[in-house]
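Look at the two complexes coming up: chain A is in both, with chain B in one and chain C in the other.
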Partner chain A sequence: MTMTMPTALLAGTAMLCTTTAWAKDVKVAFIPCGQINDGSWSEAGYIGVKTAKDNLAKAGITMTIDSSESLSPSQAEVAARDYAKRGYQTVVLHCGTFADAAYNAGKDFPNTNFLIAVAPKSVKNVWTYTPAMQDISFIAGYLAAKMSKTGGVGVVASFNFSNITWQAEGFRLGARYGKPGIKTFSTYINSFDDAGKAKEAAQAEIDAGADVIYSATDQASRGIYAAAETNDALAIASYSDQSQLSPKTVLTSALANIPLLLDTMVEGSVNGSLTPDKPYAVGMAGGIGALAMNPALVKTIPADVLATVQTLTADIKTGKLKIPALSEPGKSEQYDLATLKAH
Partner chain B sequence: MTWASLLEITFWIPLLSASIRVATPLIFAGLGESVCERAGILNVGVEGMMALGAIAGFLAAFWTGNPWIGFGVAIAVGALAGLLFGFLTVIRGADQIVTGVVFNIFALGLASFVYARLFVSAHSVAQLPSIPVYRVPTLSTLPFVGKPFFAQTPIVYCAYALVPVFWFLLERSPWGLSARAAGENPEAVDSAGLDVWRIRLQATAIGGAMAGLAGATLSIAQVGAYVDGMVAGRGFIALAIVVFGAWRPWGVALAALLFGAVDALQLRMQIGGSIVPGPLLVGLPYLLTIVVVTLAAARAGYPAAINKPYARRRLSRSRRVATANALPAGTRS
Partner chain C sequence: MTAVAAPKLAAAMRSQAVLGLGLVVISLTAAGLVLLATGVNPLRAYVEILRSAFGSVDALSEDLVYATPVILTALSVILAFRCGLWNIGADGQLYLGAIAAVGLGFNHVDLPGPLLLPAMIVGAFVAGAAWAAIPALLRLRFGASEVIVTLMMNFLAVTLATYLIGGPWASGITPATGPIAPAGFLPSLVPGTRVNANLLVALAAAAGLAFVMKRTVFGYRVRTIGANIHAARFAGMNVDRVRFLSFAGAGGLAGLAGFGEVAGIYHDLPNGLSPGYGYTGIVVALLARLDPLWAVVVAFALGALNVGSGGMQRALGVPVSLVSIIEALLILLILGTRLMERRT
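On to the complex of A and B.
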């Protein structure tokens, strides 16, 4: 637990003050998978919580944040209960493996709101939030298909699990939308960090005829870029802008905007505006998902393709085009593209 | 993958190439660990030593611009880590498994800390240029085996070269004989006037150096970057490989190749409508590890004195003479 002495004092002072002048003081706890300066998932979440704090301050609500980092799921539950016991209004469990911790603690502390990343359901005072990456992945797939010279594209994903599979299948569906009859592949490497395995997975897809590889994994994506470099293939990054990591191969990055998602959820929780029992799977309609083009490679994309990317973005945002959440590898191959537009 | 593609040579050649690539770090780590274990030291810290090799090698290669300096530094750092492990287990007599586990936690944390300090906070890009494939003249044009075996990066050829070197070192050299004896019957080695501690320390240094090289192979040769957690359990697979390869260098190399082949195959089988369920495929290398260890456990071939600290310095002269006299005549010097 990383609650330092000054923060503990501050929290104590805040508690004393709640009964007097500052009626709108709230305490929020943030429990991510990793560390709040990991340059990745955990840091992005923390930035979102801090944004919520700044935004709430404008509305006259003073919010304090405490965090406990790099915990195991069982330690996370202990920490979550501890925060709830100490009167925290919201406890954010920013890690998919903490789902049980959230549901268990939620049952025993009905007066605390628990926010849990990528979990199956929202129940009472426990809300789940998921970046629905299939929307932006669909557009990435469309772009990949248009840029492919070999008639094959692939995705290397971390785990065959929930929104990661939605992401991979969204990409494959988008590729089919861009070029009907294109070959699409997906490989799961069961790791966020095994860059060596990611490289071999990308190489296997390249050997099978793919020349644009989409990364649906975290730091392991370095291996995908290495494979793309040695084979003169293209890569598409995920979650954050990674074009500077491999300027010659990363065509674009599909941004997840985790900070916005966390900001929305925390503000909603503090303001009491979250809908009971609603799972928040937020896609492009909610501002989650955008493409950050690589300035060095964007000129290689034909103008009409870029124009269609704009149209697709607008259509998905307005709900004219609805991208399904497919949670089984290969489902996109059987999906009827005509039904996309029927919505 | 479909059944039909299994009949095509265009499926098998890239598969074999990939198997060798995946096997290379496992061969290095496995060779080093087999020396350690034959000398009576079970180094469970291979995983952590690989991570140290990966970060140290990567940093050296990044700063000097020369990948070979990177490999050299990784070997040196690995050897130092091995010596530290040896100091704790051989000289201080600490439990080898507990020390190994603690070592892993320490080394993985240290590697991650160093990297975060140097790069993540600075948001600078740390990337090495990829090492080009070297096609061995004539050999790489051989049918079927030419491309997979002889159109690889130079580090793969180092792995080929080191297998016979380790075979000679362990099975044919005088040092190998005393190392093996130190793993089976250290009292006999001691009474023959040889220093068990020195032999075991040399073995842990070799084991650490090879683990360092294995880690650097991942970061320098394969990915061209250091990523936290990139060793991803390969150190533990190396431990299984040593058992499966019956502690012999050629066996270890073949076992590593088998693991490489299974991993490369499962990645290829996932592509485009597999004939086997996906989750089973992803778990294949781990399943194989369990099967292999179970099968090998039946053979029970661990060196007799493994994980037994040898308290040479504590024996009084008279007890040593007594121990020596208690040994069968053939083993006495």
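On to the complex of A and C.
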């Protein structure tokens, strides 16, 4: 068989690149909180891993994806170790409760990369990734304040931990930015999927004077929309575009762009470009966070407010405006708004 | 043994062996049909299950990690069943044990290091017992069904744990409480694995319960009440007292399972601590015919099945739900065989 010069060059380059990081065939395991067709967090992560597979294929890398779903934290560690033992190059633990599983397995299997969602730190072959939702939540809060007729807005959040609290406090800060002196409320329902609890929490906030409610939870958000519908209030969704679920209520959706985050992390892990010990908290500057307006309600938003939303988006992306990650509920109430631009 | 009894025993054992073998063949065939229907080679699947469950020290250790809490919840169910009460609440009692273990494990009272683990284990037992005492009292005083009350209290326990995880004890980093003090960590039995000293606690509890049931007056009373409560009353036994103590003790045993998960595995209290260990304990208790020592064997077998089928799922890429179907099928067949035995 003869070989042309360009082909030979390509073959040579490919041989040079044949290190562990640039192996031609890699196996990636995906272990989400729930099922990969949950229409929410787990599915968004899986889409991201599949996107990484497609992108890596263009670079000549064949990636195989396997997954184990609906595991308890203890079972997740068994699965993570097993995948590592079976020679998987990357194991993605797409669930905050699997942090210990990732760190423990990471120590014992140094040749496998472990990616863990929303965890405290990155250590050696374990990298954490977090959608820094405070950026887009700030803009959602600004919009909510401008749309509020009662002078009150609220957020119903799942758990009081790291990025969920950043999200809730980012929203409250944005509301204050939009309308200083506005009343803001936040409630943590300690559940991702309890729609009943979410409805009660939203109703309580509405009774206290809020008329725009932001959802910082998962499937439970349906309860928020129900409460908003009953009370002729507005809701703002999170993570994915949910205007179809309640077209007359969901004003906009704060997209997390989890697929992009997972794609970036998995590609980085496979091609060896992740920075050691760096926690990846990616916000709007990294492409994580956008508003998807409800076409049926966007016309109710004043043009000047929409223009400011665009400006804020640009300012946050370029770093002119830096939104803090506030980890304590209520901290946004004391935060000095003047310092937002001082960073 | 008399000359007449020996052939009878041998015949009974032969019959048991035939039944056991038949059960294995039926189970494997049924599960194989399910696998075949989804395009998976059953033989390869069985090899993967065995390899994943017994193929390495790691695999065996994970069988034991799974079995440890299940042994304790099964003992909890057995103790209650033996005196004629249904404890469906072992999962909730496990959570209360875990909550107590974490609360004490933070060591806000500055206990000396060597005292922390004993305090946690006692605290977990007492918390589980106290949680079980509520349905016991309602049953004995007001005749409230312990099945319904314990079942409902499982949800209460999970809600309480969730409140603490998201509220006063929140780590603020993940959906879990903050970590306990290192002095509250249970030592590993095999370095490099997750098998921890709570396995010894579980084995000691099984041996202890077997001894109590067979060799003590209390055990005799429990068995008598379970067999015929009217006869026990007629014999002058304080039936309510024995039933209360048994049920509270059952709760305490499940509480120890929660202690082990906190002190031996997680070192905090995560959201979703138990994947249903309390309910699995009921299955184990029934399969073990309410025998504490057999419960150890059955819990290990179920652990091996769980770990093995998980490994098979990862090796062959079959859906998780298929694995659950196969596990359920095997358990149903075993229980069905028990039922047939009773009728013959």
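The rule is short, and it goes like this: the second predicted complex is superposed on the first by the 320 of 343 C-alpha atoms of A that agree within 3 Å, B and C clash if a C-alpha of one lies under 4 Å from a C-alpha of the other, contacts with A are read in each partner's own complex, and residues count from 1 in each chain.
One rule holds in what follows: contacts are C-beta pairs under 8 Å (C-beta built on N, C-alpha and C of every residue); 3 or more make two chains touch, one makes a residue touch a chain.
Since the structure is predicted, the reported quantities are computational estimates derived from the model, not experimental observations.
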Partners on chain A (chain B, chain C) - clash or fit: clash
First, second, both or neither for A:193, with chain B first and chain C second: first
First (chain B), second (chain C), both or neither touched by A:248: neither
First, second, both or neither for A:160, with chain B first and chain C second: both
Partner chain(s) touched by A:74 [first = chain B, second = chain C, both, neither]: second
First, second, both or neither for A:201, with chain B first and chain C second: first
Partner chain(s) touched by A:85 [first = chain B, second = chain C, both, neither]: second
First (chain B), second (chain C), both or neither touched by A:331: neither
Offending stretch of chain C which, after superposing on A, collides with chain B (from 62-70, 98-106, 134-142 or 188-196): 134-142
Common interface residues of chain A - those touching chain B in one complex and chain C in the other: 160, 188, 190-191
Residues of chain B that touch chain A when the two form their complex: 14, 18, 21-22, 25, 116, 120-121, 123, 125, 127, 130, 218, 222-225, 227-230, 232, 234, 263-264, 267-268, 270-273, 278-279, 282-283
Chain A contact footprint on chain C (complex, rising order): 52, 58, 62, 65-66, 162-163, 165-167, 170-176, 192, 194, 261, 265-268, 270-275, 307, 310-311, 313-315, 317, 320
In the complex, chain A residues that touch chain B: 37-39, 154, 160, 183-197, 199-201, 203-205, 207-208, 219-220, 222-223, 226, 229-230, 244-246, 329-330, 333
Residue ranges of chain A in contact with chain C within the complex: 29, 35, 66, 68-75, 77-79, 81-83, 85-86, 96-97, 99-100, 104, 108, 118-120, 159-162, 165, 188, 190-191, 327-328
